[in-house]
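Scrolling down, you'll hit the structures one after another.
Two complexes come next, and they have one chain in common, chain A, joined by chain B in the first and chain C in the second.
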Partner chain A sequence: MKQKKHMDYLWYGLVLLVAIPFIFPLAWIVLASFKTQAQIVTTPPLWVFTPTLENYQSVFVDQQFGKFLWNSSVIAVGSTLLSLIIGLPAAYTISRYKQKVLGVFILLARLMPGIAYLIPWFILFTKLGMVDTYTALIASHMLVGLPFIVWIMVNYFDGLPHELVEAAQVDGCTLQSAFLKIVLPLSVPGILTASTLSFLFSWNNFMFSLVLSSDRTKTLPIAIYNFVSYAEVSWGSVMAAAVVIILPAIVLTMAFQRYVIKGLTAGAVKG
Partner chain B sequence: MERFIERNIKWLFPLPAAVFIVSMMAFPVAYTIWVSLTDWSMTSSSAVQFVGLKNYIALFNDPRFFNAVKLTLYFTGLAVSVETVLGVGIALILNREFKGKNFVKGILLLPMVATPVAIGLAWTLFYEPTIGLGNYALQLLGLPASKWLASNTSVIPALAIVDIWEWTPMVALIVLAGLAALPHDPYEAAMVDGANTWQVFRYITLPLLSPTILVAVVLRGIDAFKTFDIIYTMTAGGPGFASETLNIYAYNLGFGYFKFGAASSALVALLALVLGGSLLVLWMRRTWEQ
Partner chain C sequence: MKKVVCEHIVKRFEGVTAVNDFHLEIADKEFIVIVGPSGCGKSTSLRMIAGLEQQTSGDIYIGGQKVSDKPPRDRNIAMVFQNYALYPHMNVYDNMAFSLKLQGVDKKEIDRRVREAAEILNIAQYLERKPKELSGGQRQRVALGRAIVREPAVFLMDEPLSNLDAKLRVQMRTEIAKLHHRLGATTIYVTHDQIEAMTMADRIVVMKDGVIQQIADPQTIYDKPANRFVASFIGMPPMNFIDCRLEKREAGLWLVRETMAVALPAAWAERLSQRFGQQVVLGVRPENIIPADAGGPLAAKVEVVEPLGAETLLHVRLDGQSLVVKAGPDYQPDEGQTITLSFDMNKAHVFDHETGTTIV
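On to the complex of A and B.
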């Protein structure tokens, strides 16, 4: 019995050993965001110090991160909502009528390297005068969100019993209202999974915004990237900006942990 | 109206999504193929001319292209193999019920959802040769300092470490879900036969788990092959071209030099590799399952 208890401690130690490397860099970012430049460049690294809010002040006041927070939010929410509006009906008929060709197209869109669209998008959006508009950014981010939403939801709809819809149809309900009133309410967990991930993909997106956004629609990842193009990098401000960007993603993940895990590992175990 | 929608729901429902995918994906890809056959360049004012396969011939004569292919495979192979071994190991450790399991899983999620650009910049600070934590840790371990991102030989491993930190949890979580779905019978039989832990792992768990592991490897492989954010923010392909993977190479041609024709031919090559690789994997999986 005592032997077993020792093994348990050993095993908990092992779990700690697994968890620490993943949390440590993030904890260090938070710590560094409260340090002055002088405290950051000291070696050996400082563990105890008087925290300063200087970096956050520089991020929000001098760098106007409030504006970029707003831009990122508008684009992430907009692209997720629009992807849901056009993706959910598509996923439903793909699942119900086994629309293989469409399904393959969606899968292709998931596999494609996003960089393949950059040049045509840049040329076309420039010609249309749409570079640096919310429309262009939302449309580009939707190309990540939409295929993901459709892909998750096709799997989800596949698992729903069709009898419910058929029963409603017998009662004189049209298919589209059965979709709205029966299928969608039953699909809330799937929709939460799909939209949380779609939001995160857009929030974290760098490549599309790098080419399509400019002063007016600059998103957070571009704003923080611009920090290091200065000759002298103010590491404290970079870390504070990193906290501002990462924190919403982490809060969202914690709130919807179960759904995020499902989304990230989706389809992997079934096959 | 209601009747009309219901009768045509088969194509009305997917129509907006299909139109969107065609105009934002299929059309741009076709356009890229067309641009790859021209001498389109933002820096020249002369009219765009059709040049046939000239860009492709130049591409296949460009040492930078082959360097990029090699580096992409090196980065992907290194990152994914370490992620697989560590991920399976972590999943085996966590594969039992304990207090705080969800909390540990939550911690594992964080590297995956944290914004890659911000993560890239933080690791740039860790890798700073004089003030970074990386060399401080090496010093504590009594190891010689590394140049990390600043040397031709260590830059790809240094970048791969960041990818490993970000994505090992994904392999772990996939394998963990796979472990939960394993049947109990073979284990009971092995207990009866008196098999030890290693034998159980080697002859029961691993074979039963290998389809799941393969899926994790494929998913990670495709993503690692396309890595852009981390590499672009940390090195932009440098020092020299020592970390210029295919993605970065194509981006530099397109938006560094604004040679759209040449960049498009590199993109078509990249597409062919990604799609060819994916099809090969699908095909292998099908023959393997039979």
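On to the complex of A and C.
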């Protein structure tokens, strides 16, 4: 028993050691976002201080981060939803009719460096007069989200017993209604994983947004980038902005971590 | 009119012919069992009738209607799968009600039918449970329940009992038979278990390598197998086969080996007339070999004795050939002992040496 306890402590110690490099910067950012400029630059760093909301105020009021937050959300949610609507039936068809080659092609689209698409897209959307529209940004972000959703879901659907769909067909379903009534409800964990990942990819995306967005549709990563390039850097505000962009990612990952970890290893082991 | 007709169905997968010239006419209310070894095309045949697999050629009629190109939902069939295939996200009630809801049957009627089926199958107390909270036997009942609430023209069952333990299998076998008497629905049942076939079937279809070997009622299959394969597949322990040469002597027809010679009934002479001097195969079921301590015409050495309680199985060696003999429970010779045997030739069979077709 005692032995076991020692082992436990050792284990937690190790975990802590590994976690520190990840947690420390995060903690520092969060703390700094509540400090004044003077408090931030003090050495040694202050751990106890009176927090101020000044930074957040400057971020949301002066810098209009509310708008960017909204833009990021619309684009991330929009591209994820659209990817799901197209990707789920596509993935099911690939799985059901064993079109592995097709699946690999779709994944290839994802593995190509995104920058390869950028120039054609920029030209295309400029000609169409669609630069700086949600449509253009959602479409470009789907380039990442859609293949991911297809890839994860093909693996997930492969794991579902095919007999269930056959039973449903005998019970009176068409292939489509069997998909809606049997396959989808059983795939909720997979769908959550795929959606979370797709959402995060879009949320964190920098390159596509940098090229295709402008004042109207600017997303959070671009906003922060512009922020930093201001002449005088207000560290407190930058940190507050960073918190605004990190927070949803953390909340989402925490909420669905069980599924996300499964999704990240999907296909590694046939479960 | 719930007849099922399969007209010369063929199914080819790339390269392999899984089912060849499957021709079967099933009467209303009939219980048909399709048996055969693994991979002989039983499931494929059933799945074509269900519409889950498209036949390469041939036609299928259910209740007088051609359904060859119809999807499963338009064939008025219900199917019970080997792995139950219950919908895991629905409770027992919803599993059973699913097809009725799709048909748009009204709520009260659905409730009535589900509860009635649950009553018949003894699962009324589990209606709220999810499939994973049930035992294998209970799940199988739910699967049956899901099929019977439909009141379909035909029941299709693909090895529904093979995932159950031996005792439960026997019990469910009886229950399915009872259910069939009660509902009188046309049923096509696939199994590789010959006991299920013998006990449940009105008629048995024996398949091998995608080809139907024989279609007949259980007793005929047992007494008059169409060929050596059917003879060996049905019956436990299986029929003994002895390679012999057919000889015509003064005293009638004889089957001979090195040291063994068996006289054949005179009535067989005509059917065997083309084969004098040829190699043939004698088939005798274990219960048609009669052991005697002395006086029988054939001397055999006992190798293994297996007392089973109600009977004793003797593994003996006769003229270099291993045979199984079914004897009474009291007959227990020593291993190594030499005994004599006689064959009940009126119940024996003679098969063609090459093709295995039954000659007598």
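FYI, the second predicted complex is superposed on the first by the 252 of 271 C-alpha atoms of A that agree within 3 Å, B and C clash if a C-alpha of one lies under 4 Å from a C-alpha of the other, contacts with A are read in each partner's own complex, and residues count from 1 in each chain.
Here is the rule we use: a contact is a pair of C-beta atoms (placed from the backbone, for glycine too) under 8 Å apart; a residue touches a chain by one contact, two chains touch by 3 or more.
For clarity, every value in this text was computed on a predicted model and none was experimentally measured.
Placing chain B and chain C on a common chain A by superposition gives a fit, with no clash between them.
Touched residues of chain A, counted separately for chain B and chain C, are more numerous for B.
Once the two complexes are overlaid on the shared chain, A:T93 sits against chain B while remaining clear of chain C.
When the two complexes are overlaid on their common chain A, residue A:W70 makes contact with neither chain B nor chain C. Of the two partner chains placed by superposition, chain B and chain C are both touched by A:T174.
Of the two partner chains placed by the overlay, only chain B lies in contact with A:I123; chain C stays clear of it. Annotation: apex chain A, arms to chain B and chain C, angle 90° (C-alpha centres, rounded to a multiple of 10).
Within the superposed three-chain model, A:P161 lies in touch with chain C and out of touch with chain B [touch as defined at top].
By the document's definition of touching, of the two partners only chain C reaches A:L186; chain B does not. Of all Cα pairs spanning chain B and chain C in the superposition, the closest are 9 Å apart.
Overlap of the chain B and chain C contact sets on chain A: residues 174.
Those residues of chain B that touch chain A in the shared complex are 2-3, 5-6, 9-10, 12-14, 16-18, 20-21, 24-29, 31-32, 35, 90, 93-94, 98, 102, 104-119, 121-126, 130-131, 133, 136, 165, 169-170, 173-174, 177-178, 181, 211-212, 215-216, 219, 222, 225-226, 228-229, 232-233, 247, 250-251, 254-255, 260, 263-264, 267, 270-271, 274-275, 278, 285.
Looking at the complex, you find that chain A touches chain B at residues 11-12, 14-15, 18-19, 21-23, 25-26, 28-29, 32, 40-45, 85-87, 89-90, 92-94, 97, 99, 102, 105-106, 108-109, 111-124, 139-140, 142-143, 146-147, 150, 174-176, 200, 203-204, 206-207, 211, 220-221, 224-225, 227-228, 235, 238-239, 241-242, 245-246, 249-250, 252-254, 257, 260-261, 264-265, 267-269, 271.
Only residues 161, 163-164, 166-174, 177, 182, 185-186 of chain A touch chain C when the two sit together in their complex. The part of chain C that touches chain A in the complex is made up of residues 50-52, 71-73, 77-79, 81, 83, 85-89, 98-99, 102-103, 146, 150.
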